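Notes to accompany the following structure.
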Amino acid sequence: MQRQADALRRLGLFLARRLVQSIFVLFGLSILIFTIARVLPGDPARTALGARAPQETVDRLREEMHLNDTLPVQYTYWLGDALRGDFGMSLVTRRSVTTDIAEFLPASLELVIFAGVLTLVGGIALGTLSARYKDSWVDNLIRILSYAGVVTPAFIFAIIFLLVFGLALDWLPSIGRLSEGVPKPPLVTGLITVDALLAGQLATFWDALQHLIMPGVALALGSMAQEARITRATMADNLNKDYIAAERALGIPERVVMGRFLLKPSLIPTISIFALDFAANLANAFLVELIFNWPGISRYGVNAMLRKDLNAITAVILILGVVFILMNIVVDLVVGALDPRIRLRAARSD
Amino acid sequence: MKALSRILLVFMAALLIGSAVSAQDEARSLRITFSWPNYIDPAVGSDFASSTSLANLYDTLVFPMGDGTVSPWLAESWTISDDGLTYTFTLRQGVMFHDGSELLASDVAYSFTRLKEIGEGYAYLLPAATVAASDDTTVSFTLEQPSGLFLPSLVRLYVVNEDLVRANALADGLYGENGDYGKEWLLTHDAGSGPYMVEEFPLAEYLQMAKYDGWWNAASFVPNAADRVRFIGTTETATVRSLMADGELEITDQWQTNEALTALDGLDGVDIKTFPTMTSFYYMMNNRLAPLDDVHCRRAVAYAFNYQQALALEWPGTQQMVGPVPSTVGGHNPDVTVYTRDLDKAREELAQCQYGADIASYPIDVVWIAEVPAEERFALLFQANMADIGLPVNVISNPWLSVVENTSRQETSSHIVTIYVASDLAEAGLMLQQRYHSSTAPTWQQNEWLLDPDLDARIMDALNTADAGERFAKYAELQAYIADLSPSLFLYDQLQKHAVSSRVEWTPEANSPVMGYQFYLPLIGVNS
Amino acid sequence: MAETPLLEVKNLSVSFRVYGGMLRVLDGVNLTVHAGEKVGLVGETGCGKTTTMKTILRVVPQPPAVINSGEIRFKGREVLKMRQRELTDMRGQGISMIFQDPTAALNPVFTVGQQLEAAIRYASAESRRMPRQEVRRRAVRALSEVALADPERLLDSYPAQLSGGMRQRVCIGMALSTEPELLIADEPGTALDVTIQDQVLRLLHRLVEEKHTSVILITHTLGIVRQITDRVYVMYAGSVVEVAPTRRLFAQPSHPYTQGLMAAVPRLSGGGISDGIPGRIPDYMNPPTGCRFHPRCPHAMPVCKRQKPALLAIEDAEHQAACFLYDAPERVRAYQQEGGLT
Amino acid sequence: MLNNASQPDHAVGRSAIDPHRLAQIERRNRRERWGRAWYKFSRNPLSVLGLIMVVTITLMAIFAPFVAPYPQHAEPFTDFANASKPPGGQYLFGTDEIGRDILSRCIFGFRYALVMGVAVLSLVVPVGVLLGLVAGYFQGTIIDTIIMRVTDIFLSVPPLILALAVASVLQPNLTNAMLAVSLMWWPWYTRLVYGLASALRNEYFVVSAETIGAGTGHILFREILPNMVSPILTKMSLDMGWVVIIGSMLSFVGLGVQPPTPGLGTMVAAGARFLPDQWWIAIFPALAIVVVVLGFNLLGDGLRDLFSAEES
């Protein structure tokens, strides 16, 4: 009991320290983005309302956006609003950016989580297979495929899938999150698959899942290949370690040695890279989201950039920053859970 | 391995069951792709997707006809005062909004005020006026000055349900006591009385509308009118192709390349439908930048360009522009100078131009819009043609927002910008105003920078002429004058092209060319 | 000699594939262990002792290792032809091994308990069906046996939390927890300081005596060999060069290499042995032809370069050495007459 | 990760009596080391393939006007009579919708891809490395804190999205795309070098240089920096591929190379409108991207294997 309480206390301390760091980083990030957004030439209020809106409306909006103040003052106003969850109006959708993010982020999360599950399961499975049968044809095949996966941008996969599975074979739906006429589940998490399961709507669940497959796989292949390569390298390395020989020598069955005693120490680099890939996918998915008409946050963000939609740009980047930082904390926790040495070192440094 | 294959098996089975469950329901469904975004607030939307949605969600006082005139619609009749300033409309009775409440004269007045106060979208088309609803069926507008455009522009006054908008307006907004004027709510909802109503609108994906059986003019629905219509927000070639091939799309957007359309035409049960629009493709020359500030140089350019080859790059049937306005608009003058490729004439004009002797040291930039990649080939053709008269050309692509930015000031406006311009109404005068009146010089609608007060006065005079015949005569004169001035290259009138499933019965050419009315849904039939 | 030996290795050759070629590490190793016997295996670092043992258990990583030829029989069954299932059965209960470096031999990301319990759990068909508590109880007992205090707490510790001596004991406890018939102990305690090493060896000795376990003890330390083992194999560069009952080996070391080894005796630990003999262990990529020891051998004859000597009886079959000096006397004369080598 | 192999030589150099002879030995050692390295590298066919690809692409890019069958097609050019010709005899990769030879444009496209990669790395590496060195060497001081916290801020968002944001603010062209990517890329080098430098600063050779009073510049650039050349080189080679991908994504959304200049991403974006029937217009430039990235990845992996093998 004493040890458990101790561990919890250490965990709490660790989290607290990371949170403080994160807040600092986010603060810096917000200044960075705010600066990028405001060096833009032109009047954001005029841009927001269009060339033909009456000048008085534009003036009112300028007032409301504090555009007549100095940049630092503008920043404090902006920060105050942002802290209250108000990022202003989006120029593209013409409504509050917060509403947009609430609508588009879950769609992206669903896609990225699905891709993440594929990445993790597929990457580790392929990597393990490759390491287990090192230098055999299985290994060589997986390695060649991994290379192809790593160097091919996701949007190229997306186009190929669409042409093959959407057009030529017509196996899978091409666009959106649900087919026409399929009832939407009640909104709980915003992830349609999860919400459908929660509501017990199996048909909706399957339909949503089918919509996820093409964009999800297109997005997953790159990181899956990366994970497979890393897993293979670590495993091949660890496979020659004495402890594996020792565990085998003790008569522990191969399946247990591979699946447990080799897997766990080999997962640490894989997990670290995975979490970063996961967060990066959230941002890099825009071409995939575009091709499959997926209403996600990264398509929204890139659209905002192309249309110089400042409020949306700043908000999207901040949100991505938050996700990125959260994932980094998760990595530290998971790696700590996997590797007691790191945990012990952290404990000593307290 | 075994466990894995078992999971896979279950998964595959589930997919099969899933696809069986999600099979189409019985309703007649019409799906069309559009270029996004789609603003369905009547005071905000003005582009193609928005105009099409608004035309179907809302009703207007008058309705645009295929011949360019307007006919009674919500207004059964109207009178115009002798001074041409006051228009009094008598409304049809018993028109119900989608929520079942009755459409009254006060709703019309509210809609007008709201549109003008917000000032976005089509607000600029409607002249300033005071509006008053004297009883439930009578509404009158008093203009500040006579306008020939007022009646035609009423097709852009979409009547909203005042009570519904007020009930859903946010208190906090830019518009004083009106709060946000319901802008946020109207983004994804409608407050109209039109033949279709918003069923579902996930902003980034599609707009789904359902047929409104309580429409006052329900008798006009063709018998096989769609029960459910979905405007899908994508124009990606591969995506559209896949949807069309799978029978998940009835009509494509107008942005597909000729190559894509040819391929779509090859699909079973898909045809290409074309119809003229009020959009024309201009090469806007900066009339204040050497060497294009000399009319002879401009004419030389106009004679050197190979229009026939340009047309050959477009869909068959596309016609060269005749004069400065699309030939679909009312008041178009077919008897103006039309430039065709004639290198002798071009050289003759060049010789008269003050820069003629030294033309090689006056290179010009041609800027095309990066978002419209089809423009590139015309720019490259232009470059090749100008080489024939010794005029060096740089081909440059710029994103739309930069073009908007650069054309807003004379000193940053390039030699030539290549832009498609659509007339908002079927009036030649409106297009002339949009393109050549000084008020539009600081916008992307005019790169010419004519800034000619005399021309401005003549355009305004024509527009304010209430009598249509007289007005059109003035338009004709103006067109001839501008054609001789050769301020721009008049390339071609755009032909709108859609790949259409043979399940669809659609005759857009019979509808008004006013943007949005080609897709007037009550007139489009869908067979299963 | 009629009974089947517990373990019999015949003419085992193993190579390692590396960038640039093959390392021919084992070159025809012969080795026999009888039930209840304690056998020593001595030789310089890198002479192939550990590889031989790992090959016997088939835990040598393949690739890079390649088993070229040879037979390994455990209780009469051919190990090299065993299926995965049989191998797993043989390991642990049949043969178990204490690895050289206890730090490397313990999985750093699992607790001692998780590793030890897995060893106990998968030892036999019966143990697989044991309830958790029983496995735990045996794990505690295994740690108590190797004289570790507070075994309950140790089971929940990670290897990084233990001292070197504790890790070594844990390894011994783990190797014995499966109650093997044959225990291979690869230089136990070399990584520890001398006093602790001594304690550990005493403990090991006591335990195998109690349990009547057969042992192959790999070591550099001839003193330990003398104390514990019944018979000794001497290896050089991938082959056994001499084998004899312990007392006879010490009384009459016969192979020139063994003689050199004995001369170096005062040195206690590994690297020092070669100081007694000039030269270094050969390059396995291009090993010397014939007898691999000939470049370093004070008695080298031309034949040694040509031909690899077989094990020859010194007085009787119990003591053999792989050296042409022990051939029939007339042949030895003939060899010597060929003239000097250097 | 660290290559300490050079250290003994270095130590000998200090106590040398005959510098001439020592220089000779050092030269021979270096030659031998390079020879060994090349031998090891050449044992892995994939690494050699990567090297061959990178060299070929670079040569093709440099000599594009001589290699490309129709060099004028990379400039403003029209030949509508030969528009959208499928791959075949006259045009190996076919022609685009304007009648330009896609093979020629791809070869010129390599130029812009490489220019982008080289320019970005030559901006980013010196800055990133310098900051990382300084922060790592002055670990625990205020300098360290400032540099690394700023680095953290840049690293808290995926680089692509920040590069997009910056590029969208600037005029869209190749130079600005390079600037945008560079602005987001240096922190990755800072972090890498920081980790290496903070490990190296306690090594005996650094400490001994400090005790004999060597200047900070000498320690940073002559003692610490030479020991991290291999990880930096490896990362640079792998990064070339990433920069090419990011550059092509920027071009794809219209923020990079502008037409008619043949940027590979621009060509893919333009060609995507003609899928699937005129597939060659998009697919060959896409393959060209893949080939460049693959080449640098193979090479980078080869280097990494080489350096990590040398260390053990």
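Letters A, B, C and D mark the chains as written, and numbering starts fresh at 1 in each.
Keep in mind that, in the parts below, contacts are C-beta pairs under 8 Å (C-beta built on N, C-alpha and C of every residue); 3 or more make two chains touch, one makes a residue touch a chain.
Since the structure is predicted, the reported quantities are computational estimates derived from the model, not experimental observations.
Centroid distances from chain A, each centroid being the mean of CA atoms, peak for C. In this view the innermost chain, defined by its CA centroid being closest to the centroid of all protein CA atoms, is A. Across the two interfaces under comparison, A-C and B-D, the one joined by more C-beta contacts turns out to be A-C. For the pair chain C and chain D, the distance between C-alpha centroids works out to 50 Å.
Centre-to-centre separation of chain B and chain D, using mean CA positions: 47 Å.
Rounded to whole angstrom, the centroid-to-centroid distance between chain A and chain D, based on C-alpha atoms, equals 26 Å.
Of all residues in chain B, those touching 2 or more other chains are 236, 238, 241, 399, listed in ascending order. Of all residues in chain D, those that touch two or more other chains are 254, 272, 275-276.
Residues of chain A found to touch two or more other chains are 159, 163, 167, 306, 308. Within the complex, the chain B residues that touch chain A are 4, 14-15, 17-19, 21-22, 24-25, 27, 29, 31, 37, 39, 41, 44, 117-121, 123-124, 174-175, 183-184, 187, 202-206, 208, 228, 230, 232-234, 236, 238-239, 241-243, 245-246, 248, 399, 401, 404-405, 443. The touching residues of chain D, counted against chain A in their complex, run 149-150, 152-154, 156-158, 160-162, 164-166, 168-169, 241, 245, 248-249, 252-255, 268, 272, 275-276, 282, 286, 289-290, 293-294, 297-298. Looking at the complex, you find that chain C touches chain A at residues 54, 57-61, 63, 84, 88-97, 99-101, 104-111, 115, 118-119, 122-123, 158, 160-161, 171, 174-175, 178. Within the complex, the chain A residues that touch chain D are 21, 24-26, 28-29, 32-33, 36-37, 39-40, 147-148, 150-153, 155-156, 159, 163, 167, 279-280, 282-284, 286-287, 298, 301-302, 305-306, 308, 313, 316-317, 320-321, 324-325. Of all residues in chain D, those touching chain B in their complex are 76-78, 80, 84, 97-98, 171-172, 254, 258-260, 269-270, 272-278.
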